[in-house]
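Note that chain A is present in both complexes that follow, paired respectively with chain B and with chain C.
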Partner chain A sequence: MGRWQALLWLGPSLALIAAVVVYPAVALVRASLSRYSITGLYQGSVGAANYARLLEQEALATVVANTVIWVAAIVVLTVVASLGLAQLLNEDFPGRRLVRWALIVPWAASLIMTSKLFVWLYDYYFGILNHVLISLRLVAAPVDWLGNDATVMAAMIAVGIFVSLPFTTYVVLAGLSSIPGEVYEAARVDGASPWRTYRSMTLPLLRPALLVAVVLNVIYVFNSFPIVWTLNDRNPGFAHDTMITYMYKIAFKSSLRDVGLAAALGVVNVLVILIAVVLYVRIISWREAEA
Partner chain B sequence: MSAPRGRRRVVRRAALCCAGLALAVVVLAPYAVMVCTALKPEGELRTTPPRLTPVEWRPGNFLEVLGDPSFQTWLRASLVVALTSTTIVVLAATPAAYYTARHRFPGRSAFLLIVLITQMFSPTALVVGLYRQFVELGLVDTYTALILTNAAFNLAFAVWILRAFFAAIPREIEEAAAVDGCGRLRTLVRVVLPLSLPAIVTAVIFAFIAAWNEYIVALTLMTDPARKPLTVGITSYVTAYVQHWNYLFAASVIAIVPVVVLFALIERHLVGGLTAGSVK
Partner chain C sequence: MLGAAAGVLLGACDRGTERPGGAGGGKSITVVIAEYSKDHTKPFWQGLAEQYTKQAGVKVDLRIVDWNSIDQQVSTMIQNNQPPDVLNLNSFSSYAKDQLLYSADDVLSPKTRDDFIGAFARGGEYQGKLYGFPILSSARAFFYNKDLFARAGVAGPPKTWDEFVQTARKIHALGGGVIGYALPLGPEEAQAEWAIWMWNNGGDWKSGDGWAINSDKNVQTLRFLADLANRHRVTQINPGKTNRTDGAFQLFKDGKVGMVMGFSPLAAQLDAEKKVRYGVAEMPTAAGQAVTLGVEDYLLAFKKSGNQDAVKQFLDLYYQPENITRWITAEGFLPVTRSGLSQMSSNAKLKPYLDALPNAKLAPTTDPAWDRVKLDVQQNIGLAVQPGGNPKQVLDQLQKNAVAAASAR
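Our next item is the complex of A and B:
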């Protein structure tokens, strides 16, 4: 009886999840074991052949390396910068509300629109970034940020950090505000310097918030699509793709149009995210156990 | 003793103010370029060296974008998808959040774990599966596909926000309603929901913005120009053949300003909903 009642109340949510999360996940696994024509017609099962072919792809090593760099650089730099920004926004000063609102803009704005904006800012001829850098004598000649193999990844990572900062700063800020004021009072009475107080009191108390910020950012940044898709648009091949944009290109863009191969990579991507999710769940329950 | 300390406080506040201002400038500078470019006439887009501000300010770009039939189509698609999927999110999340907040039952934590997992999976990782699914169901190029996808992936946030709020409402209020002869559903609708307005507003705004900004599923499924939402549609202002950056950014400003205002309204509740209650 009670069980049926629960089903009634949870039913709509469960139906939605089953229809649009579980079903496509099953469809993804099924597609990874099948072969499709270039127009998307099912041509039968091929077992694990798509996975074997995936390992043979020449671009795979580059794409995996790109993904590691993309995720690691953005997450590390974002979290470090957020520690400083959160400390600033945790202080009371006139205009703090306005600064917090400003920080919301890159978070609320559509990622595809922000990505297009950065394509324009990075433009070789007409982009304002080159103009500013030359005026400040930081570079001697314009840089083709998105066309040069040496700069495109760094340029994309900068945008990734820019859009990840707001969420991360807000998480750290929430962590800071949960630290009771008496902790700082005690440190002051003991005559601890501000830096020492920060290192031995604030940072350890922020650990749970930081872990959450790191794991969630790893998932978000790994899953990120619009930035690389847009900023790397001009470059042929897969030299600057991540596992997500590579998967998308195989499935929908390149002359390959190889749904089976893309689905195999999709399954790998899902497994990577699942590992991060398991970590996240363990971190949260670890906190509950500690509390 | 107190005078130098007072002066130190003033200096400190001034320094914090400057740092805050610098941060705001850095964050907003790119969007200032967006607004200024949106106000430039076509002929001023390609000048060397580039200028930040237009020589001739042209607010007419905004009117031209608003009057563009294509833009109106994309706007309508975005509104239909975002409003409908948000409605579904609230209708599905409310009973689930209420029941899990008030009752312990077998499968409760399993359900919450499933919800958490859906939150971690953006549609991006599953996009190839979603595409196969909607091909099989014949739903490519339909609003239904976009609406369902957005509803499913934005459900989790609403469940967390509503659940936390429902759990904080004293049981006595509901018991009083029950004594007055209200059934459980009636208690929820008549007593609990009116008290939970802030949480519902937060859930609504979040689900709306997430659907409004959704890109990859729309890019994949919507090939019919008459059904593309804003995020996909406006990219046709700048292609290999035409480069109307001013229109692209005017359309972007129109799409971004309302959601920034809405986001600012729910700023305080965002972290709680996105970190599934792990950060208090």
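Our next item is the complex of A and C:
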């Protein structure tokens, strides 16, 4: 009886999980094993052929490399910057409340809007960035940030960091405020320098917060679509795509126009992120056990 | 766990083979229309849907979808076995090939069919039958900035490619960030820009029934465009990475550009902003006769059990001359029917485009392979005009892919 009652209580959430997690996952796997016409019409099962074809795609190596750079650069730089920002916001200073609120803005704004805004900031002819850099004599001539192959990725990563900072900073800030004051008092009594205190006290005690920040950011940045899509939409080919935008292009915007192949990449994407996160958590807990 | 997953999988497969019963009772139809403008598209179709529901007693599930996501949304609908009943799109032949559509014989009255302008009716045919019903058309024209022309001492718009290059150089030489010609070969609409240059050098997409994308003429044309960018240096920066709407048009609207290929919606924006004094002319040509690009969009009627009458009535209502012409006029596009043409020919603003219409060519939309070729051109032709790009190599690859697409099932 008790068991059935429990099921009754769990029922709605189980149904929700089945509808928004299990069903799409099953549909994705099924699509990856199928062939579709360019119109989207189902044309039968093809087994693992889509996965084999995926490996034959010339652009795949570039796209995978882009994805690694995209995720690693944004997560590392965001976490480092957030450590500093959170430290600052943890101090008491006039206007702190205002700064804390301001930090939320890039988080609250829609990613598409933010990306469009940056498209105009970066613009070769109208963009304010070139204007500022030239006035400061940092560059001699305007730079086509989004059209120059050497600068596109960096320009996109900068936006990625900008929108990832608020969340990460708040996670670190929460971690900081959970460290009891006595710890610092003890350090001061022992005569530890501020840097020593930070390295030996603050950072180790922030570990749980950083774990959360890194894992969630890796997933979030890996799956991020709007920034790369919007800032890179002018560029031909796949030279600056990540695995997520590449998947979309395979399905709808390239001459492949193949939903089955895109679904295969979708399944691979889920596995990649799953493996990456499990590995990371394993390594962290293993190192913790060592320590 | 595995067993449960397999069970769901099988269940999902079963669902997949069911025929759609969406409009079975004839109670409602789904109509998907692309958004041509924020101001006019939705009001017109909403009004039409209300009128239709009153007449036919059938409800309309109207969806206005923006161009960027329409392919994706339609594909998803078809994957889920829930195609719309009526769809507005810029392609049709792949859908006809997949046997998803009614032909004109099934759902258009003879009066409606006879009213179509011949070229546009032919542009909607697949294997001798009309499946892509013309909904509206547009034509590109050559826009030039009169003030910049005057400052550079150029008397009028160039007629030949030689004159074009000289004009572009003179305007670019004005300096101060002025651009001779804005060349958008980025993914948004590269196939349109390319087609106009290609045709005006005597080249074409196809020769007979086969693809001829890498013909000598076309290689010559693409080299010419690459030279504009890299040798004469009369274009904006990175033309292979510039889109039309937020790139070339934006620069022209800002008065920075001497010449650009435009169309009537650009004219409407320029008229509204009143910032640039512009003229509209024929395309410069190296082939003797100026050719422009005509674009035809379509209405597709999806075959679903029990929806034929409802769809027929809906199409009949749209194609009543007062309805179709009212909408096309509001959107600033060009007619696809004889009755519309005779009504709109008195409109002075449309004159340059209507004049160009007899010499307009359409993209090979009647070939299902075009739906892939178009995307391939959009994604790749820009690479040819980048510094160090190789026009011949790019066209060879496009040709190879086109041939493969044509032979694919």
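The definition used in the following text is that the second predicted complex is superposed on the first by the 275 of 291 C-alpha atoms of A that agree within 3 Å, B and C clash if a C-alpha of one lies under 4 Å from a C-alpha of the other, contacts with A are read in each partner's own complex, and residues count from 1 in each chain.
Just so it is clear, a contact is a pair of C-beta atoms (placed from the backbone, for glycine too) under 8 Å apart; a residue touches a chain by one contact, two chains touch by 3 or more.
Nothing here was measured: the structure is a model prediction, and the numbers come from that model.
On the shared subunit chain A, the superposed partners chain B and chain C overlap sterically. Of the two partner chains, chain B is the only one touched by A:G175; chain C is not.
Of the two partner chains placed around the shared chain by superposition, chain C is the only one that A:N148 touches, whereas chain B remains out of contact. Looking at the shared chain after the overlay, A:G40 reaches both chain B and chain C.
When the two complexes are overlaid on their common chain A, residue A:R100 makes contact with chain B while staying clear of chain C. When both complexes are overlaid on chain A, the residue A:V259 reaches chain B and chain C alike. Residue contacts after overlaying the shared chain place A:A19 against chain B, while chain C stays out of touching range. Judged by the touch definition given at the top, the superposed model places A:A52 against neither chain B nor chain C. Applying the stated contact rule after C-alpha superposition, one finds that A:L203 touches neither chain B nor chain C. Of the two partner chains placed by superposition, chain B and chain C are both touched by A:A251. Comparing which residues of chain A touch chain B with which touch chain C, the overlap comprises 23, 26-27, 29-31, 40, 125-126, 251-252, 259. Of all residues in chain A, only 22-23, 26-27, 29-31, 36-42, 119, 124-126, 144, 146-148, 233-237, 249, 251-257, 259 touch chain C in the complex they form.
Put simply, chain C touches chain A in their complex at residues 5, 8-9, 12-13, 16, 71-72, 74-79, 81, 94-95, 97-98, 100, 177, 185-188, 190, 236-238, 240-243, 246-247, 250-251, 254, 256, 368, 371-373, 375-376, 378-383, 401, 405.
Contacts from chain A toward chain B in the complex involve residues 2-3, 6, 8-10, 12-17, 19-21, 23-31, 40, 85, 88-89, 91, 93-96, 98-114, 116-118, 120-121, 125-128, 131, 162, 165, 167, 170-171, 173-175, 178, 208-209, 212, 216, 219-220, 223-226, 244, 247-248, 251-252, 259, 262-263, 266, 269-270, 273, 276-277, 280-281, 283-284, 287.
Residue ranges of chain B in contact with chain A, taken from their complex: 13, 16-17, 19-21, 23-24, 27-28, 30-31, 33-34, 37, 45-50, 52, 88, 91-93, 95-96, 98-100, 103, 105-108, 111, 113-118, 120-122, 124-133, 135-136, 148-149, 151-153, 155, 159, 209, 212-213, 215-216, 220, 230-232, 234-235, 238, 245, 248-249, 252, 255-256, 259-260, 262-264, 267, 270-272, 274-276, 278-280.
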